[in-house]
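What follows is a set of structures for review.
First subunit A sits with subunit B, and in the next complex the same chain sits with subunit C.
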Partner chain A sequence: MTVMTPPYRSELSSGRDGFGQLLHAEWTKFRTVRGWIIGLVIGLIAMAGLGLITAGGAQSSCQGQGGSARSGAACMPSFPLGPAGEPVNDSFYFVHQPLTGDGTITVRVTSMTGLLPSANAQPGSAGPASTGDTRPGLYPWAKAGIIIKENLNQGSAYAAMMVAADNGVRMQWNYTGDTPGQPGAVGPANPRWLRLTRSGDVITGYESADGTHWTQVGAVTLSGLPSAVQVGLFAASPQYTVKSQAFAGTGTIGLGPTQVTAVFDHVSGVGDAWTGADIGRPEDYPGFGDYHQAGGRFTVTGTGDIAPIPEGHGGDADSALTVSEFLVGTFAGLIALGVVAALFITAEYRRNLIRVTFAASPRRGRVLAAKAVVVAAVSFVVGVLGAAAGVLLGTAIAHARGYYVFPVSGATEVKVIIGTGLFAAVAAVLALAIGAIVRRGAAAVAIVIVAIAVPIFLAISAALPLGAADWVLRVTPAAGIALQQAYTQYGQVAGVIYSPLSGYYPLSWWAGLLVMCAWAAAALAGAAYLLRRRDA
Partner chain B sequence: MTEAVASAGYPTWGARYVWGGFWDALHAEWTKLRTLASTWWLLLAAAALTVVVSAAVAAAYRCSPGAGGGCTPAATGADPAKISLTGVYLGQVIVALLAVLAVGGEYGTGMIRVTLAATPRRLTVLAAKTVVVTGWALVAGLASVAGSLLAGRLILPGHGLSAANGYVVPSLANGTDLRAFGGSVLYLVLIAVLALGVTTAVRDSAVAIGLVLGLLYLFTIVAGVIPNKDLSRHLEQIAPMTTGLYIQATEGVAALPLAPWQGLGVLALWAAGALLLGAAVLRLRDA
Partner chain C sequence: MEATIEVAGLRKRFGPAVALDGMSFTVLPGQVTGFVGPNGAGKSTTMRVILGLDAADEGAALIGGQPYATLRHPLNHVGALLDAAALQPSRSARNHLLWLAHSQGLTGRRADELLTLTGLESVAKRKAGGYSLGMRQRLGIAAALLGDPPVLMMDEPFNGMDPEGIAWMRSFLRGLAAEGRAVLVSSHLMSELQDTADHLVVVGRGRVIADKSVADLIAAASGDRVQLRTAAPAEAMTVLAHAGGTVAALAADLLTVSGLSSTRIVAALTASHVPFSEVSAHRASLEEAYMELTRDSVEFHAGASS
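Then we have the complex of A and B:
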């Protein structure tokens, strides 16, 4: 007689081993280590704090009219704002007449000549017209052509067809819009015909080499354009600037205004009652522009520019604060987040907790994934909070102190804040993967800092020549800083150095994110492979 | 008899406390460092990283003429020696890591208790470690800087920074370049001492390397972005990396907030301070 005893079974129900439980376990590990939470807080404070120091500690000095020294808010520029709220340059010589309803203007441009400051001109000279210290020459972005403009106020909506000295025929509108047409310089042997047609809110620009065969360059909609607008001929030639690209002193030096003189004929489609106006001329400046009409021939001389003012533009714009400056703490925040993320796995090796972890959850890839999700989520939150504090509080503080902050749209603010969160999240995942690969805290921290923080340091601290700085932000994991791009690069504005130092990154935000994600993915794949292959 | 007893007793402070058995301690530290595979890898990595980065930056350099036009020194403001030495910005990380691991590794594994049991005079241990790590950093620095010098000499003249354009092609034959390149070796040695001191004070490799690199890079960034010019200049006169690297300048030296050797002196003060702090902690705390 045998007694059958049933095999022993524990009365406890078996535990679930889904990804949710793993995530919960890793989150518990993370939040219960006091040093890591302190690290996050330090990262957050550093991230927001550096930007707030910038906003709160800004002090600028400048020379007022007549050489009196001024400082602080008195130095702040006040730019006219364009239709989209961006700061713009809007000063030119305008030979205009009213246009009511739909209409067309056609002209032929037969020549463009100009004046530049002489080679030995000193910065800040009053300009060609007053000093006579000049040499003949055309500034590459000297412009002349026809324009339909909402009114004579600076910053009002417009669309224009023009010839730019070295940049061919172009259609430009509302300051930021720019479409190239036929390239090549204008002259008596190769004149350019230009035409603008208004139909409701739509303005269409055409060009022609002979006045019979017309090519459309562009058609733009200026919504809300009133029925009565101004139409006419214009001439504008920007400030002469040279780039100084020494290591620490990268910047532009303005050497005074330039001037362009354009000759138009075959003006048709409009009446004969013309008025000349120096748009945007400061009251204490002599007028640089003028026009003469002889028969059907117009000679128009002008100075100035119709263009956006990019951040980092020389002159007054240099004393403005920027949103990019409020985000400088990202560098410090990334060091703190990277250290915490790397230690999140190396500490387990150090304390041998990793064996318990893998005993409890033998699927090692999933452990790594759970850790990555935890550090990414935490870093995203820290990045968003830090950037939001830096951008929003920084702007508020600067405004409260009377400082000019180069404006960005609300959408850009959101993009930059969310972008900083993504940047921090991907950086943390990369740091975690590096930690899993090298398994030693010190080595992991050193590699993380070299891979993520040092490239940013090299690019924004003027330690590298310009070309090298751009390459560093294209190929290293620090490419993700492109997510913080707050201002737009305008190819049609000369005299600006679009460098990382002044907040212009070489990649677009998605390309930067892609480069960084590629690094993180490669490191994560390497870490997953090594985790499976090696003993813990 | 009494004399023998007196000499057998351990002094607890003073020169004899430090130097007693120093050569034995030095030999022990040298053996420990030399027999670690990571030491040799880090030496190789420091030299390779420095030289590769220096060469890449030199190769990426494009002469971009400024106001006067042309590629002359007056127009570009370029400093061939400083460009050749850009890799030091990264090489210093490896040198610091080497110093951190020389101390932090012992705390991580518990080896420090064996070391201190064998050589109870703690300052002797620290002195021996400092000498060994300094020597190792010197070797790493010499290799890194020599490679960078060679890269600069070979690459820069082809990128507009040639003698024909009025530049000084990096060479140890002239005094300012000797200062820049020789000073960079000293810079790396001082970084190693700084890292050694910090690690002895905090006793954890990961925290120490984070602190040292934060001190170097963050201080520089903060000093650079403070929009208050006076405060910024004061910070640039005490930031260890900024001041230490003034030694690399061969152009525009007069415009620097400190003279090159003064700058290296500031870094030396930081290193000495860190070492003193480390010595105090080592002396006063249980291991």
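Then we have the complex of A and C:
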């Protein structure tokens, strides 16, 4: 029965063996299981949907003048906007005169004193100047100094040299710019000399301890500054706020205005025709600012601040909707994507299909890599679409319903949308790697939820105290949420709690991405090792 | 590349259980090699080791002289059907073949060719989870043949098939071998391989008991026995015993004789005037041969070598 047949030769030719073919195969696998495509759609809906519900269901209430209750659009705050379009505080006492063309102003600051609400003051009390309910003291970010400002309108361009009570000499410009000079408090024994020079659009700030030896603090360009501007002395002291931390969340409590009184002398480089103005004070609001001039000595008293309004800052800004709120569904979307990514490999183990896969592609690390690329790519797309829908539609819905959305630039919107895509992509790779390690769908899904979604949920839902929430978002895979950072933290703005709850994440976007990638890389390496070592 | 499977000295333990205990054999092209043994004899484990899915503790398995893991586009070298249920149930048959094709640099057209070849084209777009076991076996065969490989390996392909399917499978396997392919087919039932296999590797307890062509195996089981039909069995037994033969009764009128050629039997009976109606070579069935071998393996497993 031994038949001598020549060995078989195939006519089939399949070309080179490349990673692209493996990728093609894994993509074909992925797209041909309807349940996984449905999972992606659920992820998309979850990601965008919760934010849209927030936008569509927002309720806000406030008290109008005379205590009448208001809600909805009537509560929409109107902030002055800075030159870059960001909401700003711009209220201070300004002793000013016009300046045309180039020029210089030099002063000496010899003292800063102030008033704070008394320790037992209640939130919302009318303030130190109108009641006796005060105590002496300087607010850390009380400011006094010299300023060159486009005009007297709130939000106009400016550059200023100042002494900040606890924060030394600073040069600040256009609300967000802040460069520190010498530290230390000002007083009769250690006065500070300040100088601003305008030359075209460029304003240069200097400081000196003795009026002889000058140090440049900074030079800034205020593009399009008109020839005629206002120059003068200013004083401002921000709202007194207390940070509160509680198990159920964090917040700031405003306890009323504070006040600063600064004494200037050796004013030179400008004329003598001064005018005092309370910039940005509503007409019906009792004014706290004032100035006296005696000889060459100016005593300027003011309240308020010249600074950006960060999202989550107390007051009117708290009623604003935020881009971060529109992305609140991210954790739910990541659960759906994580489940799909984990099942992409655990389903093969469940049916022994993994043996068919590894028989077709014996290099198992490459199979894992191809799967990772596929889940990363589809999750990136879902993340981008979900975030785009959440941010753009959420903003549109909120605006249509008359709600204020704390503004972000177009570039920030793009950054947040792409960032959400990256966040989702890396999360999916992590979920896949966990699936490859544990090989069981239910266990993998549980780990994915605990590793990614639960930390996000805990941090942004204020279930954790502030410090703990920050640490959770530093060290867990949820650190990737930093890619959704929409708002800038300003060190020069006091009384703000930069917490995950209000959309501030403790890491920069790249550090968050790095932490998350480190987790994913470690899990992938472990998965690749186990895949090679274990029998399929 | 040579169309062969070479297995040499495979040993593997799963914890305390010895799965492979020096498994060695070679599968040659142009014939169907039956891989037979009771459940648990190490057939599936051997096949997984050949495919690089399980790692052996010792020994080597080569496809055409190469370890499986070094093959590029392995489905062009070996097609295997290990488990017909290894499917994503919600994926259609065509899509199952499609991703496999893509992984080997092949196109959807090749997948369609195999759906036609295995008679699945009418159900190709249905979810594979709804397939009968027979349909899954056909899909598994389509997957194994996707790369048109010179070596084929099937683990229990007859399982769950109806008689019609078994007949189809037999002729299919024979056709593949006739094209010059090496075909290794495992089964725990020797009867399934009757009329299919040319060569048999019989295994028990993780090692080879017999590695012979079907003809040799039957001849060995048959011995050199001659079957004799006679109306006078008692006289015939006496005469043949005197002539130096060993005689056993199979039935009232049927004897088997060993130690004597049929010519001498006829001469002796004729000389003594004992009547007989038929003298023929005794031929054992494959099942009989297999039972004898595995019984021996149970008896001699400690000292057997291959």
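The working rule: the second predicted complex is superposed on the first by the 524 of 536 C-alpha atoms of A that agree within 3 Å, B and C clash if a C-alpha of one lies under 4 Å from a C-alpha of the other, contacts with A are read in each partner's own complex, and residues count from 1 in each chain.
Heads up, the rule we're going with is that a contact is a pair of C-beta atoms (placed from the backbone, for glycine too) under 8 Å apart; a residue touches a chain by one contact, two chains touch by 3 or more.
Keep in mind that what you see is a predicted model, and the values were worked out from it rather than measured.
**Q** Once chain A of both complexes is superposed, is A:446 in touch with subunit B (first), subunit C (second), both, or neither?
**A** first
**Q** Return first, second, both or neither, reflecting whether A:9 touches subunit B, subunit C, both chains, or no partner chain.
**A** second
**Q** Can A:53 be said to touch subunit B (first), subunit C (second), both, or neither?
**A** So A:53 only meets subunit B here.
**Q** In the superposed arrangement, which partner chain does A:29 touch: subunit B (first), subunit C (second), both, or neither?
**A** The second partner, subunit C, only.
**Q** Determine, under the contact definition given at the top, whether A:353 touches first (subunit B), second (subunit C), both, or neither.
**A** Touch partner of A:353: subunit C, not subunit B.
**Q** Quick check on the complex: what are the subunit C residues that touch subunit A?
**A** Residues of subunit C touching subunit A: 2-3, 29-31, 48, 51-55, 68-69, 71-76, 80, 82-83, 85-92, 95, 98-100, 102-106, 110, 143, 147-150, 177-182, 198, 213-215.
**Q** How about subunit A: which of its residues touch subunit B in the complex?
**A** 46, 50, 53-54, 57-61, 242-247, 249, 253, 321, 325, 328, 331-332, 335, 339, 342-343, 346, 350, 440-446, 449-450, 453-454, 457-458, 460-468, 471
**Q** So in the complex, the part of subunit A that touches subunit C is made up of which residues?
**A** Counting only subunit A, the residues touching subunit C are 1-12, 14-18, 21-22, 24-26, 28-29, 32-35, 347-348, 351-353, 355-363, 535-536.
**Q** Which subunit B residues qualify as touching subunit A in the complex?
**A** 56-57, 60-62, 64, 66-67, 76-79, 82-83, 86, 89-90, 93-94, 96-97, 100-101, 104, 108, 204-206, 208-210, 213-214, 217-218, 220-222, 224-229, 231, 252
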